[in-house]
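There are structures below to look over.
Below are two complexes that have chain A in common, paired first with chain B and then with chain C.
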Partner chain A sequence: MEDIKRRLCDIVGERFVSDRAEELFFYGRDPGLMPPHSPDFVALPGTVEEVREIVKLAFREGVPVVPMGAGMTLTGLCIPRKGGIVLDMKRMNRILEVNDRARYTIVEGGTPTGALKAYLDAHHPRLRFSIPDSPAATTIAANVMIHGQGRLTQQYGFNSDMVTGLEVVLPTGDVARIGSCSLSPDWFSKGAPLPDLSGLFLGWLGTTGVITKVGLKLYPRKKMREVEIFITDSPDFIPDIIYEITHTEMTEDINIFAQPLPLIFKDNHHVVVYFTGDTDEELEFKKKSVFHALDRFIKNKDGGFMTVGPGMKQSLLDMPQRSASTFADVTKGGGFEYSGPIILVEKYPQCSRKLDELAEKYDLKYHATARIIGRGHAMMFAFSFTFNRADEDMMDRVRAALREASEFALSAGGVFWKPTVDEQRRLLQAMDPVTRRLMQMIKRNLDPSGIMNPGNWEVP
Partner chain B sequence: MRHEEILHRCFRCGWCKFTSDYSEFNCPSYRKFRFDTFAPGGRMWLIRAWLNGDIPNSARYQEILYSCATCGSCVEHCAFSFRDDLVEIFISAREEMVNDGRIPPPVRDFLKSINVHGNPFKAPEGERGAWAEGMPVEPYSDQDYLLYIGCVGSYDERGKKIAKALARLLSRAGVSFGILGDRELCDGNEVRALGETGLFRFLAESNIRMFRELGVRKIVTLDPHAYNAFRREYPGMGGDFEVLHYTQLLSMLVSQGSLSFSGFRERVVFHDPCYLGRHSGEYEAPREILDSIPGLERIEMRQSRENAFCCGGGGGNFFTDILGGGEESPNRIRIRQAVAAGAQVLAVACCQCAKMLEDGIKGENLEDRIRVLDIAEIALTALKG
Partner chain C sequence: MSEAGSMFTLQFDEAICASCPSGACLVKCQYLEADREQAKREMLKIFRGEDSRVLQECVTCYACEEYCKRGNHPFYLITQRREEKGILTAPRAITRQWINIGEPRGKYEVGEIKERALSFGFMPQFKDIVKGKLFEDVMPGYFFGQEYFCNVVYIHFANTAVIKERLPRVIRNIQELGVKEVVFMHDECYAAFSSLAPAFGMEVPFKPIHYFEYLYQRLEGLRGDIRPLHIRVAYQRPCSNRLCPRTHRWVPKILDLIGAELVTRTYQDENALCCGSIFRAMYGYDLAADVQARNIEDIVKSGAEYCVFNCHGCQNALSDRLARKGVRPIHMVELCRMAIGENPGFEVP
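After this line comes the complex of A and B, so read on.
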């Protein structure tokens, strides 16, 4: 181990390697509920070459390597379950290129979502990307790695669908270029017209390589944004409401939330609809189209638009949305975790009722959020529970509630998003065996010595 | 430990690391060390781990806790309601470490020096007022203001120049003020920030007693750190005085017409000192003074006001230098920011900042591009007549 440390220091410099108790403690856990496990080292690479050298060293020595962005998935995906080296990627945070005309950017593998937003705001105010509501520190590479979703997901699908190219350090230390950038200087497409090899990496949770560069689609940024909330007191109306709204093709993003506190929110389902436009007329037209699409619910008294106060409006319009984080402090406890299956929108009523039932059964404070993916093709439904980090019993109850939530989701046809190790196992068991074998084959070929984020996506 | 009940509420989400627009990491210790353990959230989790016995009070732990510049950027940017307490939590942890008897050697030396010599420079107490020799200043008797200089202005060469400039300026403006000279005592702000509560109490109580005996009503401080201690800490200990930072007094003098300027033809950017800006909410007074000087072109750095990047000297680091050194030391970063903004002069309102940033210029080899001047120095140079 001393030898590995010395060699890590040779690669990244002594300042950026640690095997001290403090880093081993901190990088051995995340803010969620998964059991901690200390790494042997934490290393902070600054260049692709350094990542390569580290991975080559790990490959030779059979030492695990766990790439980490901000560690904010909450499901323990960066906890080094088998020790080894945690690669904190956040020193690699340069925005390398913005192609204004072709609307894409190339960023390094540790670039925070917040930093790209700030950069575009300052230098390319007519461009935007699909910003998730995770804290600004979370990284773009990790977000596409886990098939994240952001503000443009209702229009364009998962954030991973918006990738235009990747540079990946393979578990052997080779560097692969994925997409048009493999043969062209231009990063316009991750796949077409070539075979789309990005699937060898996206969704693999860092078990097939380390992303060192991401090409990402940028989209027109309209001058204005607005938000409206449509409320209904029955979850049963939600699928139809979403169908009608998405049919208009007029919205930026659609989220749904339901929560018992404060009392004004209780028993209601809030469909939060975001609009954008370059002129008042455009914005008005889009809003009118959506209002009109919801006429029948209003007429039947099944729902209506609520007045959104300026404070709430501002908080909803924030990008990224800081208030999404503060759910962690509802019990003055500093923690929340959610099981967030990707599931059909028509399952909203069942999911919602299940969440109510679990909250009651385990006596927990909850929050339901759903983000519509594409034109109602699916949604991410988050069964979120907040917990007090100083209350072991409450944490156990949340663990139990989440386990039940994910069992339910799987039985309802959902597929776990950013799955815990336990959920990964269940997915693999439930999966079509040929698909499972295919995954196994890919993993074995790409990572023959099993050093990349081991413990994850391990085929039973 | 005070505030122990808050530690577990940190979500380690990292909002606190950034500026408001997320364009830069604004926690100077995170920016330098880059391990998440050196970010505010890292500190929160490690303090809890230490109290729970999960990690020892090691040299690394001490480095992590003592590289916090108490700059307050995390207080400004954390998303949670307990954010106001963040700096206090870090100071409480240091208190606990002082009680534990295990603190970094430079911190120990600093505290010892204050205890033995009354100042961090190990200089004789009798020399505290030497900066004022030949200056148009009187000992404080019954003037309107007590001008409180503090350790850096009294002993440090750079600090002394600034103290002199301010004293000249005030007397030219006809302000009735006096100084304590060698009777002055350390204000204790850094002692408190480094976690020595007992010594801080002693200093504060001694100061309050002396100020009372002398009939002090209004204090104007050279140093924003002293301003902070007098304004925030002393009232709770019976020290109720009207306290101003000198930039506030100067800005009043400007608006009353007691100070007017002929000109200063340079491009100037102001660096907000953490204890004047974020800790005290005073962003305007220094800018008003600069804006009243004809010919002076005032520009802003991207990281200014609430988002100002610390010079790295706060929280005792001016004396202990735990945060300093290398290309990513805060003072060098700050100089790069000032140069990028296009400034010829970096204006400060704190002698600690002045010295830190001058060192930053040397470190960056930018002596021919930019210089550091205190607002008192700029104002004196620009004075009419």
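After this line comes the complex of A and C, so read on.
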């Protein structure tokens, strides 16, 4: 072990290696409910070459490597379940290029979403990207790698669909370029017209390589942004409401939320609809289209647009939103976790009722959120619970509720998003056997010695 | 409705309606078409519990309460009959949301509550503007929270049951503070105790004072501090002021005192237009958009530099669009504070 530490120091410098207990303590856990497990070392590489050298060292020595962005997944994906080296990518945070005509950017693998946002605000105010609602420290590479979603997901799909190219250090230490950048200086496509090899890395939770560069699509940023909330008293109306709104193709993001507190939100389901425009007229036309699309619900008294006060409006327009942090402290003690399956929008009523049932059964404070993906192709439905970290019993109840929520989601045709290790196992068990075998072939070929984030996506 | 709630019945006199020489309640209505005879006929049908198109078409602008100079409460009657017939004005979710918001949980008193105190209703945000010399003689001494909330808004939703249930308790809560006079910072609250409660036979054991009257008296006392503003202002009159129309006379008096010129508009005084906020929530896009567009165009055309608001709801609904058209939104309290040289919280040109 001393030898590995010395060699890590040789690669990245002594300052960027640690095996001190207090640091390993933090790198051994995330803010969620998964049990902790300490790494043996933490290393912070500053270049692709350093990442290569570390991975080659790990490959030679058979030591696990766990790539880490900001460690915000809540599902334990960066917890080094078998020890080894946590590869903290935060030093690789440079924005390498913005092509404002082709609307894409190339960033290093540890670049936080907040840094890209700030950079675009300052230098390219007519461009934006799909900002997720996770904290601004979340890295772009980790977000696309877990198939994250953001403000533009309703329009353009998962954030991973917006990738235009990758640079990946393979488990052998080789550096692979994925997409147009493999044969051109231009990072305009992650696959087409070539075979799309990005699928070997996106969604694999760091088990097939370390992403060191990401090409990401940028989109027009309009001058104005607005929000409206349509409310209804029954979850049964939600699928039709979403269908009608998405049919207009006039909106930016669409979220849904339901929660019993504060009282203003009790008993109703809230469809939060975002609009953008360069002029009052453009904005008004879009709003009008959406309002009219929902006329029949208003006429039948099944739903209406609520008044959104300036405080609530500002909070909803924030990117990222801070509501999750507020919710996390409802029970005091700062705990928050959710099971967020990707599932059809038509399953919203069942998901909502299941969440009510679980909250009552386990006596928990809850919050339902859904984000529409694509034009209603699917949604991420979050079964969210808040808990007190000092209350073991409450944490156990949350674990049990989340387990039941996951079982329900799978039985209802959903697929877990950023699954815990346990959920990964359940997915693999339920999966079509040929698909499972294909995953096994890929994993074994890319990571023959099983050093990459072991414990995750371990296909039996 | 609870047993207590069912005790309160609307004081509506059929004879007053039958002998009405004008039918003004509906003849003047900006949203319904009716001549004098039709107006009387429809109101009597409503009184007798018969079906009337008015029950379907009324948009709840409250204006008929003002148009009826004989104090017969046509809007309260429409509301009550709608409720009895189960005619929903708003989507269920909107009504439910408002009922939940006002659920009587929360009762806050700040400072020393003396015989005269301020009521912020359930809008603590008033603390951001209610300050300075104008309020020196009562502040800090105010109360707010759902248990002091007037609940009048539910007449928009044809739901007097909630009001009958909650308002007597609110009256009791205020009485228990030992106040003799209450200055209400929102005219819907003032109307609750000066109009609605008496109309339903509820006794009010304190004197409600509208904040316009209070402001005028304070400004009179501070005449020496007033620096005439020399600005042109338009006034956005809210629906709630229709329930206490006598307080409207304070607007020109206050503006005159502080040297602000009240511009002439098409939509002012009895002809004022709704901010559209409630229309939007209840009926969707078209009515609200039409009313807001006409209203804003009228304000802009009037040449006003400022639009003065009495109600936060109106201010929220219209501020952004007015500001983008070069008209500065401001609350009446902020304008008065500006006139005595206080900073209303934003840069004054």
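Assume the second predicted complex is superposed on the first by the 460 of 460 C-alpha atoms of A that agree within 3 Å, B and C clash if a C-alpha of one lies under 4 Å from a C-alpha of the other, contacts with A are read in each partner's own complex, and residues count from 1 in each chain.
The rule is short, and it goes like this: a contact is a pair of C-beta atoms (placed from the backbone, for glycine too) under 8 Å apart; a residue touches a chain by one contact, two chains touch by 3 or more.
The structure presented is a predicted model; accordingly, all values stated were derived computationally and were not measured.
Undergrad: In the overlay, answer first, second, both or neither for which of chain B and chain C A:Lys90 touches.
TA: first
Undergrad: If you stack the two complexes on chain A, which partner ends up touching A:Val434: first (chain B), second (chain C), both, or neither?
TA: neither
Undergrad: Which partner does A:Leu183 contact after superposing on A: first (chain B), second (chain C), both, neither?
TA: A:Leu183: touches no partner chain.
Undergrad: Looking at A:Phe291 after the superposition, I want to know if it touches chain B, chain C, both of them or none. Which is it: first, second, both, neither?
TA: The answer is second: A:Phe291 touches chain C but not chain B.
Undergrad: Touch test for A:Phe16: chain B only (first), chain C only (second), both, or neither?
TA: The first partner, chain B, only.
Undergrad: Look at A:Gly303 in the shared chain and tell me whether it touches chain B only, chain C only, both, or neither; answer first, second, both or neither.
TA: In the superposition, A:Gly303 touches chain C alone.
Undergrad: Contact residues on chain A for chain B in the complex?
TA: Its residues touching chain B are 15-16, 18, 20-23, 25-27, 30-31, 42, 44, 70-72, 88, 90-91, 112, 114-115, 117-119, 121-122, 135-137, 322-323, 325-326, 328-329, 332-335, 388-390.
Undergrad: Over in the complex, which chain C residues touch chain A? Could you list them?
TA: 88, 90-94, 96-97, 100-101, 103, 105, 277, 280-285, 289, 313, 316-317, 321, 324
Undergrad: Over in the complex, which chain A residues touch chain C? Could you list them?
TA: 231-233, 263-264, 266-268, 280, 284, 287-288, 291-292, 294-295, 297-299, 301-307, 309-310
Undergrad: Enumerate the contact residues on chain B facing chain A in the complex.
TA: Contacts found on chain B: 8-15, 17-18, 21-23, 33-37, 42, 45-46, 49, 54-56, 58, 60-61, 64, 79-82, 326.
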